[in-house]
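In the two assemblies presented below, chain A is common to both, partnered first by chain B and then by chain C.
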Partner chain A sequence: MFAEYSMGELGAIFAMQGFAGLILFSVFVLMALGLAIIFGQMGVINMAHGEFMILGAYVTYLTSNLFATYIPSLFSIYFFLAMILAFFVTAALGMLVEWSMIRHLYKRPLDTLLATWGLSLILQQVYRSVFGAREVGVTIPEWMMGSLPLTDMIEIPINGIFVMVLAVGISTAVYIMMFRSSWGKQVRAVTQNRVMAGAVGINTERTDRLTFGIGCGVAGVAGSAFTMIGSTGPTAGQLYIVDTFLVVVFGGAASLLGTIASAFSISQAQSIMEFFLSGSMAKVLTLLTVVGILMLRPQGLFALKLRK
Partner chain B sequence: MLLKGNRFFSTGDLVAFAILAVLIFVILPVGLDTFRLNLFGKYLTYAFVAIGLVLCWGAGGILSLGQGVFFGLGGYCMAMFLKLEASSPEATKIQSTPGIPDFMDWNQITQIPLWWEPFHSLTFSLFAVILIPVAFAFIIGVAMFRRRVGGVYFAIITQAIAAILTILIIGQQGYTGGVNGITDLRTLKGWDIRTDDAKVLLYFVNGGLLFVCLFIAQLIRKSKLGRILIAMRDQEDRVRFSGYDVANFKIFVFCAGAAFAAVGGAMFTLQVGFMSPSFVGIVPSIEMVIFCAVGGRLSIIGAVYGALLVNLAKTTFSELFPELWLLGLGAVFIAVVLAFPNGLAGLYKDHVEPRLLVIFKRKAGDDSSTEDFDAIKTAAE
Partner chain C sequence: MSDTPKKSIKTMEASRRSVLMGGTALAASLFAPKFLKAADYPTAAVNTTGLAVTDEDVTIGILHSITGTMAISETGSVQAEKLAIEQINAQGGILGRKIKYIQEDGASDWPTFAEKAKKLLVNDKVASVMGCWTSASRKAVLPVFEQYNGFLYYPTFYEGLEESPNVIYTGQEATQQIIAGLDWVAETKGAKSFYLLGSDYIWPRTSNKIARKHIEKLGLKVVGEEYYPLGHTQFNSVINKIRLKKPDVIYAIVVGGSNVAFYKQLKAAGIDMTKEKPVLLTISVTEDEIRGIGGENIEGAYACMKYFQSLDNPNNIAFVEEFKKMWGDDMVIGDVTQAAYLGPWLWKAAVEKAGSFDIDKVREASPGIELTTAPEGYVKVHKNHHLWSKTRVGHAKADGQYEVVFETAELVEPDPFPEGYQ
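Coming up: the complex of A and B.
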């Protein structure tokens, strides 16, 4: 299959596919980070995670329309405001959901899965009624369009670079929050031993709500970033939810580094195979490999050493 | 008394089975025209899956979000046989290659692939309907349960398997019919399955098989095996420490659930006349869980009613108010989990049965025969 390409072309193909894989990787990381907080730390399965992401995307869409209509002069920076708005709107919805639904179900993880699936159906229908069934796209600001030519065969789209930078930034922020702040310590303490954490004076209910809210907020930012490279429809979230869960499980649920490593390997494998096989076969092979490895190593790539 | 309980069937169970039998074999066939009856037959094929889920999830504590895989495999095995019979060289002589299924012809395939060949035989196909899904479930079960993967991880991985199979079926359209599935099925050994008579007969066969599955499920639940399953669900470690090999029980019940789902899938193909990936993937698989949850995850009879009611509601509401249907379904998911974790069967047990007992008690007092009352009381416990 390699015979018809010259060495230089082959290098360029790998570089371009590798870069496409990096963009996919950034999207996976952004989506998986929120889930890694909610699922990895709290052990709650949030099947509506994709819908929270889409909410962030719709918030971005609304903000961009708002800027375009009322303050077109500031249009080039609308995205930063949109991202912050997306974070707070989805975080608020997340906390509401935690308060009304999730907190009653901490002891029944399988039931959380069903309840949040129900929530995702409701949210999808709400989006469909409010924004219409068609996909919407945002206008990307001028400076994000176009691409950087590296060599005469390799070009890199600027919006892709932007999403990558965002992924790195948010991963760092989440890392600092989880492992370097007192809030992160509280979260981990509550997950490891709820009763003891309560006994030493941590407000476990508040910690749970904040954790869930921030996890959802990160999903919102992911959705916001997603608008830079694709359009948004009411059911777009559902397309990614299984992939995202696999990324988190594959990496080892409680490990942030594992999540990033697994997002990297899955996205690279998929995008490189996509060039040589059809898209669907590439996906099948990638998912099969992941499921196969998980069967051999159910604790994921990077697992904390736990005594079970 | 006519309905006297025994070790496997308490009086209450027997009454419930009898009522369901009357509903399925008398009330529905008498009260509905052939079209509606066929529709109910379709709903009942989902009841097979729901019964399997009661065993896996309700009794065994294993939530599989991939039951659509087994439903689909069973259905596809049946559909492949029917399709080969419908693609005889005479019936397909307008194709560029006569004698192969139409979708293969559209995809420029000129020869029936090797793995389709055995499906020329009805005996093989009928065995395949059960054995292929069970073998698949066995492999998944061995790989997962031996390594003590359970709970949410199992749910996510089965869901991923459902996603993989759907993508595979859609991607390989030359061999599987792609997104449209295997359509235009006509005869079973020369017997036209599209006529009204055939539909009524298939409905009764379906009902009969459903009862076979119900009996098997009841036997499993009431045997020692069923008790171990429940013990395992509640305190897995203690069962393991008592010397039982937990994984084997899980594998068994998962395979049983897969077999039930596969029978349902095959009957679905026969009654509806096609099979497509839209009954395999993530969304249908989760909907199957909701049939079980609405009916009551602990009750096999409840699961049948759950499948009937949710599907009836789906057909009715999605025609009348397409916008509201998803909202309603979502609300049902949340309500069932938060407010009625044991579904309809739970509601019946908590609110209806105690009142019935009071009535029976009064009657029993009149007859001054305490024996019946004792039987009902044990049934209630």
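Coming up: the complex of A and C.
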């Protein structure tokens, strides 16, 4: 299929295709990190993950409107404030949900699936009632749109770079919190042995609430970033949920490194196959491969070694 | 942003004057109140099959999704239908009877559509139904309408290959929408090569099949054809492929949330649609969708359909004004919304021609019904239950509206089973 192209063209296309794969990787990491924290560390199947992301997107939408109306001079940097706000708003809602609903269901993990699915329906309807059934258009500052032309053929999308930087930043932050802070130590202790952690004086309830809140907050930041590349509507969260679970389950629950490795392999496989095959076919093959590997290795790519 | 509304108000005023002068005479010919009295049409005579018709009113159904994924698209249709019903009632109703409606929610779920359709026909005995949006929902209710002999007005442009005695299709079928647009782009833009792209389901696939046949008939080339799952949000790979193939025209039939992702990423990848090449031609982005995409992301693209909100004719200016008065100034009106607005009016005309609400008689009366007051201009019902209509090409502007740059000279004949295109 490449016979009619020159070496220069081919080189450029492969460079851009590699970059497309990296962007997809960053998107997957952003989507999955929040869920990996909640599902991996707490064992809660949060079906409302997508709706938390969309809450972040709506917060961004509101912030952009506020800036456009009241302080248009600072419009070009509103996005950073919007992401911070998105984090706190979604984290607050997450903690409220944990307190009112999830904590009663820790002993019944399958029931959390139903309860959070119900929550996702409720949230969708709330968005629909508040913001309308139609998608809202989030205006992105001028400097974040368009592309950087490196050569005649190679152009790098700016929002892609932004998503990549954000993914690296958030992964690092989560890593530091998980493995370098006392909160992280407590979370890991609770994950490994809840009763024992309680016995040595860790407030497991507080840890759970904080973990759930931070997981949701990360989802909110992801949602806020995705206003650059996707749609913001009441049901837009549903577009992400399948891929998110795929990444987390394939990576192995309870392993953040696994999540990242799995995001990388799925995104590269999908992006390469999309280029050589058609879009639907690429999706089918990716899913088949993941199913095949999970059959051979049900615990996912990386699994925490626990004494059972 | 602030310039354009002013401008449109100005044209509105100018045209309102022309409505007062010439427009009313035109409107009077068909729709102006004839003040038919219910007493002249006794219920026993106009309703021999037990429909929900009394001496005062007649009940119809509205069946759209107001919850779920499709609510985004179907809301506009519901609004347009309610506006038409209100206007008809203000003019005295149909055969002296006011229209009442029962609204059911299909909830973006096809079995629910079928269930609600059955409820409307069997329990409520509605005289007609305005409804459905996706082909999947229409296919789901079709057996119900045929079994219980209901009458459906379906507003969406769709893939064709259907002609039910129980449905009037007020949107365009695929050949009406596609062929004129391809001819236009080949002629005025000198396009030689096309890249076909779509969401992976029946409408984009059938439409692209027709497009490919027609492109090849014109002696031009299709350099790529591709489909992505509904809800797909990452288009960077296909954008790279487009860049490699360098087509003159990107022919895009992407729908739903994918739409937003596609245009945002196309823009981010540096494909500038305001330049000569490549031309982006779509049949799936109405003004409604642009609200989610953002005008600045799709500026310069061309869309091919039968109606744009910016159409400059007295009918449309009045329609846009009434619509905004009823539903708010920030409303936009897309192709399907306008087609949905035609439903109640076409039904009214058919009932009055038949002098009866009986579904068999309305069906018989339907072919040949003409509307001179349609916002899109003059339309006529074909004997295959589709509408004769003009096809237009719009050029997307940054404010989210289309500027009409081309319109077929004549009405295009609907041809749901096009020979040589299947």
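In this section, the second predicted complex is superposed on the first by the 298 of 308 C-alpha atoms of A that agree within 3 Å, B and C clash if a C-alpha of one lies under 4 Å from a C-alpha of the other, contacts with A are read in each partner's own complex, and residues count from 1 in each chain.
The rule is simple: a contact is a pair of C-beta atoms (placed from the backbone, for glycine too) under 8 Å apart; a residue touches a chain by one contact, two chains touch by 3 or more.
Everything numeric in this text was worked out from a predicted model, so none of it was measured.
Once the two complexes are overlaid on the shared chain, A:245 sits against chain B while remaining clear of chain C.
Once chain A of one complex is fitted onto chain A of the other, the partner contacts of A:298 are limited to chain B, with no touch recorded for chain C.
Look at A:229: by the touch rule set out above, it reaches chain C but stays clear of chain B.
In the superposition on chain A, contact is made by A:115 with chain B only, not with chain C.
In the overlay built on the shared chain, the residue A:271 is in contact with chain C alone; chain B does not reach it.
Of the two partner chains placed by superposition, chain B and chain C are both touched by A:283. Within the superposed three-chain model, A:65 lies out of touch with both chain B and chain C [touch as defined at top]. In the superposition on chain A, contact of A:125 is made with both chain B and chain C.
When the two complexes are overlaid on their common chain A, residue A:101 makes contact with chain B while staying clear of chain C. Looking at chain A, you'll find residues 125, 128, 238, 278, 280, 283 touch chain B in one structure and chain C in the other. Partner chain B is touched in their complex by these residues of chain A: 43, 45, 101, 104-105, 108-115, 117-122, 124-126, 128-129, 238, 242, 245-246, 249, 278, 280-281, 283-284, 287-288, 290-291, 294-296, 298, 308. Note for the complex: chain C touches chain A at residues 66-69, 71-72, 75, 200, 226-229, 231-234, 236-241, 243-244, 257, 259-261, 264-265, 267-270, 288, 291-297. Here chain A touches chain C in the complex through residues 5, 9, 13, 16-17, 19-20, 23-24, 27, 125, 128, 132-140, 145-147, 149, 153, 155, 157-160, 226, 228-236, 238-240, 271, 274-275, 278-280, 282-283, going by the rule given at the top. Residues 57, 63, 65, 143-144, 147-149, 151-153, 155-157, 159-161, 163-164, 167-168, 170-171, 282-283, 286, 289-290, 293, 323, 326-327, 329-334, 336-338, 341 of chain B are the ones that touch chain A when the two sit in their complex.
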